Amino acid sequence: MKYFVTSEEKEYTFDLKEENGEKKFLLNEKPMTVDFKQVGKKPVYSLLVDGKPYDVWAESQNGHYTVAVNGQFYRVKVENERSRLLKQLTRGAESAEGVVLLKAPMPGLVVRVKAEKGARVKKGQGLVLIEAMKMENEIKSPVNGVIGSIAVKQGEAIDKNAVLLEINAE
Amino acid sequence: MIHNVLIANRGEIAVRIIRGCREMGIRTVAVYSEVDRLSLHTRLADEAYPIGKAPSSESYLVQDRIIATALKAGADAVHPGYGFLAENGDFAARVEKAGLIWIGPPAEAIRLMGDKTVARQRMKEAGVPTVPGTLEPISDEAEALKTAEEIGFPVLLKAAAGGGGKGMRVVSKREEFQPALQTARSEAKSAFGDDRVYIEKYLENPRHIEFQILADKFGHVIHLGERECSIQRRHQKIVEESPSVLLTPEMRQAMGEAAVRAAQACGYRNAGTIEFLVDKNLNYYFLEMNTRLQVEHPVTEETTGIDLVKEQLKIASGIPLGYSQEEIRQTGHAIEVRIYAEDPANNFMPSAGKIQYLRPPGGPGIREDSGIFEDSEVSLYYDSILSKLIVWGKDRNEAVARMARALEEYRLFGIRTTIPFGLAVMKNKNFQTGHFDTGFVEKEFRNGSADVKNLSQIAAIAALLIDRQKAASEIRASANHHHKWESPWKTAGRVENMR
Amino acid sequence: MIHNVLIANRGEIAVRIIRGCREMGIRTVAVYSEVDRLSLHTRLADEAYPIGKAPSSESYLVQDRIIATALKAGADAVHPGYGFLAENGDFAARVEKAGLIWIGPPAEAIRLMGDKTVARQRMKEAGVPTVPGTLEPISDEAEALKTAEEIGFPVLLKAAAGGGGKGMRVVSKREEFQPALQTARSEAKSAFGDDRVYIEKYLENPRHIEFQILADKFGHVIHLGERECSIQRRHQKIVEESPSVLLTPEMRQAMGEAAVRAAQACGYRNAGTIEFLVDKNLNYYFLEMNTRLQVEHPVTEETTGIDLVKEQLKIASGIPLGYSQEEIRQTGHAIEVRIYAEDPANNFMPSAGKIQYLRPPGGPGIREDSGIFEDSEVSLYYDSILSKLIVWGKDRNEAVARMARALEEYRLFGIRTTIPFGLAVMKNKNFQTGHFDTGFVEKEFRNGSADVKNLSQIAAIAALLIDRQKAASEIRASANHHHKWESPWKTAGRVENMR
Amino acid sequence: MKYFVTSEEKEYTFDLKEENGEKKFLLNEKPMTVDFKQVGKKPVYSLLVDGKPYDVWAESQNGHYTVAVNGQFYRVKVENERSRLLKQLTRGAESAEGVVLLKAPMPGLVVRVKAEKGARVKKGQGLVLIEAMKMENEIKSPVNGVIGSIAVKQGEAIDKNAVLLEINAE
């Protein structure tokens, strides 16, 4: 089976084969020796790739993995031939209507909403100020667009991933 | 000698103070808010008492309750740590009025240094260079504009009662002056209840260098050398070191003497820090005095061999300083990296939650001052500092290499931290060669933390294997559960489709 | 300069060497046995290769495989650590024959010092005091008895090829001499394949004091001061410190010079240790030389600021020593406590298994050289050392108080360790005042580890609460499981009876 | 309910009472305030007794607890009125026939058996030598008695708690 793994915008193609009872691991057609073991019960793994050891921590969320290799974090998506085909077939139906939901990256207190409904905003523009851990954190627009409805107001306490406002992307 | 100290703080600094006390045979009383029942400081102290709800305004800032707890527990002294009530002159006075020893400077010294314009005047009188600007708060706007023009733009408007960047405004040209003054005033008013503002020359990306001082009850004041604190994010220090590569022995001596004069000028006692800004031409200016123990005090401890918490306890007990200025020697090089619960890849956003995995580094030259452990909860109610990693090396190169090695070894999972950022700083060429100023982080890390290791390919391999393992165990679990009415083949197919 | 080192060892010392290499930018190759796949050294190195089954005779002692792995991995040097092949002259020679650098002394120096009688002769020639006794193995029994009487009973019979107490016998009187000689010979034969035995004066409870030396390829030999290693259990060190309270500056200088002469006399190179015994009258005698890095090397690193592993790598690379004897300065005081997987409350019996919980101490002056982590398995196949806790203090009092504080903070559960024993030593009055010798543990801890805290009442409270909680959850679980056919009352009764 | 707790040879009597909905904790009739919380999922607890904090680790085995308080180990047995009464009633029936089984305190290799069947041995006398972690460990007789059957022989690898030999206690 072929697998397509996207790690931080880069795609890798893997092939897991079994020949004469021996497992083969190919990365972009190149064979490699991989030894992989879990350490204890937590999602901690020790990986030996061509003799080089790596410590791995993994979290999975919404079909993505967040993988820390030797303490460095990477966002990874794993697909196989079948799931990729399925995705290609359903593409279009899935894609958003151009409405982007701005969510709170952490729980906290809304200090200020810096945009009004209908306002045109630029990618990177600060929209909401949230206080947490004695600091004010500016939540920025991920896209160019126009502000739709605003879900929070000043002084409100919010949870992580709470929707702050909508942006109609352009 | 003090024999029982209430520590009016939490986190790593409360733990640090407990450790110092314990080594001197002094008992400790911890106080804890509702969310800190299982925190390390609560569990390591000799006694621990609850003081209220999670928000610090309902616990760590409630002066009455802290003093009452100290009296109830039979403490004879209060150590404020840093933050919270540490630089509150009124609290210091109340502690002493209650018959307890305040492990810190006299209330008057705290108040004097808390008012930035009064402090500037006092420093000027004591011959300590201050940043050019007004010595009094602005009263007349027209006058102020004239002053600003004399100093030369860009200038900085600062709140007299200030701190933490609030009520502060950079003004680049004449036209911006009046509106900036109004915003600065209204910000200062809302932040400190005091709208007084003054003008300083704006130094572009200076270096931030501070001197540690110790002063006893008998008028002896010494300094313990400098700390270089120019590596900052959001105007907050994140990497500190001692000595600074910038200072010549002559400059060190001159600045150290100025620091001692500054402390003397305000009748200082106990440990304190004089912060200086150093401009491109190596002119140094008094910035402010921190009238407490600093977060970054360990780098001074590592290079001088002097335990600052113990010195604080001795001074507060009325014991004369055990060192003269000539006996203070800086040996080797020390670096501290602060480990914050923030995501450096996402603009240092706070990251709270449970620490699910912890494997700190070890070996020669590594010290960690930490308030966390595996399974500890990092709450959003308090400052995001988790731990401080400190290294000592025989010279700066060894210290930098050692810190990089230690950060590479560090494993902390469950929340995001500034560990990868600290590593990126250690691997940065300009940091390694000493070419940096307070603009370093903005200049070098415009796009967040650089990935110094580039292991995305390994991450891909790992994710694939974990994903395959999970699918296999789902097939097994599913097969076990449904084995009576579904064929394994069907189950396998279903799992594949679920993906 | 060496650029890629194979480390022919495991556990804490392999980790220690990896750390030193990494800070110098040198790559490391780990080797691991089947049970060490997830060990720290395997995971921290730059490369790691399997070398066989768990028993060291099938992995860490297989010379061919280690050398082949070094060549395959492109290593240019081999570091043996301590134990295993570290003092095997033949292995050193084979490593060099394979074109690799041996990070240790010349094979001839290892062999010379490995033969105790040859070493004694060489030391005597070099003017290094040796314990009175024979310089040659015993050939004639009658002659030997005469020698023993001349030396005066008690005498010690020791294996010439010896080490580790095997083939060693104390003889208190004439009548015991002949049978003891026979046993010693047969033990030596079976342990070392060599039945040569010699006679030494038996020193009752001497102090064990050793000197660290460094020697480069250019004939420069220096010493880095002493380590006091008298606190031993089963004739193995467990607490070490530097400096020794026993030595005057004059004695330190004389012994240091003797140590340097000893190293020169055997053509030594790299790091090594000269062990001395010191009797009640402060006479010192050469005991043996350890031709490798010692377990307790960190106390010297802490007091001198010199990283011994890095010095080993530099010396092996052919770089001249960067220090003259005059530049070596001992600052402050350092103590090491070895953390063994042994139960001090049960005669130091080995305790293997999984480390289920680990929360090591931190803060100022604490260093840990460890090979363990939470979830690591402690196997019975190897030496029981888990970790070394090292503290530095500005003087001995601070170091002792700090070590006590650190051991009190230490939490390691799942297996038993010598942590409570180390704490009991720190709290012992005779240790605190420096009054001890190699008989200390036997004298002071006749009944195992003293409980220094006496918290049995708290243990009772904790057990009761845990027991009640368990019973309550059993009732709940049981109630949930059987709720259809049993009344809660019956369930509760049953749980009570189960107890 | 009354509880009898034996910790390292010392017995403590506890009373857990509920008065007016408030839980009371009495040690030998003396009331104390106790706060008790588990930390995470492992058997790690934080105990506050009259304001003094203690870290606790607990293992249970055969009705006994091994409790580490601040890193110091204690062996503890918990009984209540009922279980104690039950034990008193069944005493005698329970007691051993004078045969003591010497067990291996750890896995290892039998280096030497130092006693023969029928030999009279003293309490504290070394009977079996076991090698583990590169050390030889002498397993001693817990009683005076006569050696019964011997279950192991030189060179044999044994597991923890393996029976080594029997002693007929005197």
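Labels for the chains are A, B, C and D, by order of writing; each one numbers its residues from 1.
Please note the rule applied: a residue touches a chain if its C-beta (ideal position, glycine included) is under 8 Å from a C-beta of that chain, and two chains touch if they have at least 3 such contacts.
It should be emphasised that the depicted structure is a prediction, and the values quoted were computed from it without experimental measurement.
The set of chains touching chain B and also touching chain D is given as C. Centre-to-centre separation between chain A and chain D, using Cα means, comes to 52 Å. Taking each chain's centre as the average of its CA atoms, chain A and chain B sit 31 Å apart. In whole angstrom, the spacing between the mean C-alpha positions of chain A and chain C is 48. Averaging Cα coordinates per chain places chain B and chain C 39 Å apart. Counting partners per residue, chain C has 44, 374, 408 as the residues that reach two or more other chains. Touching two or more other chains at once are residues 42, 44, 55 of chain A.
By the contact rule set out at the top, the touching chain pairs are A-B, A-C, B-C, B-D, C-D.
Note for the complex: chain D touches chain C at residues 3, 5-8, 10, 12, 14, 16, 27, 34, 36, 42-45, 47, 49, 54-60, 63, 65, 67-74, 76-80, 82-83, 86, 105-108, 132-135, 137. Residues of chain D touching chain B in their complex: 35, 37, 39-42, 44, 46, 48, 51-53, 55. Residues 234, 341-342, 345-347, 349-352, 356-357, 380-384, 407-408, 410-413, 416, 419-420, 423, 451-453, 455-468, 470, 496-497, 499 of chain C touch chain D in their complex. Of all the residues in chain C, the ones that touch chain A in their complex are 30, 37-38, 42-49, 73, 374-375.
In the complex of the two chains, the chain C residues touching chain B come out as 15-16, 19-20, 22-25, 44, 298, 301, 305-307, 331-332, 359-360, 362-370, 373-374, 394, 398, 401-402, 405, 408-409.
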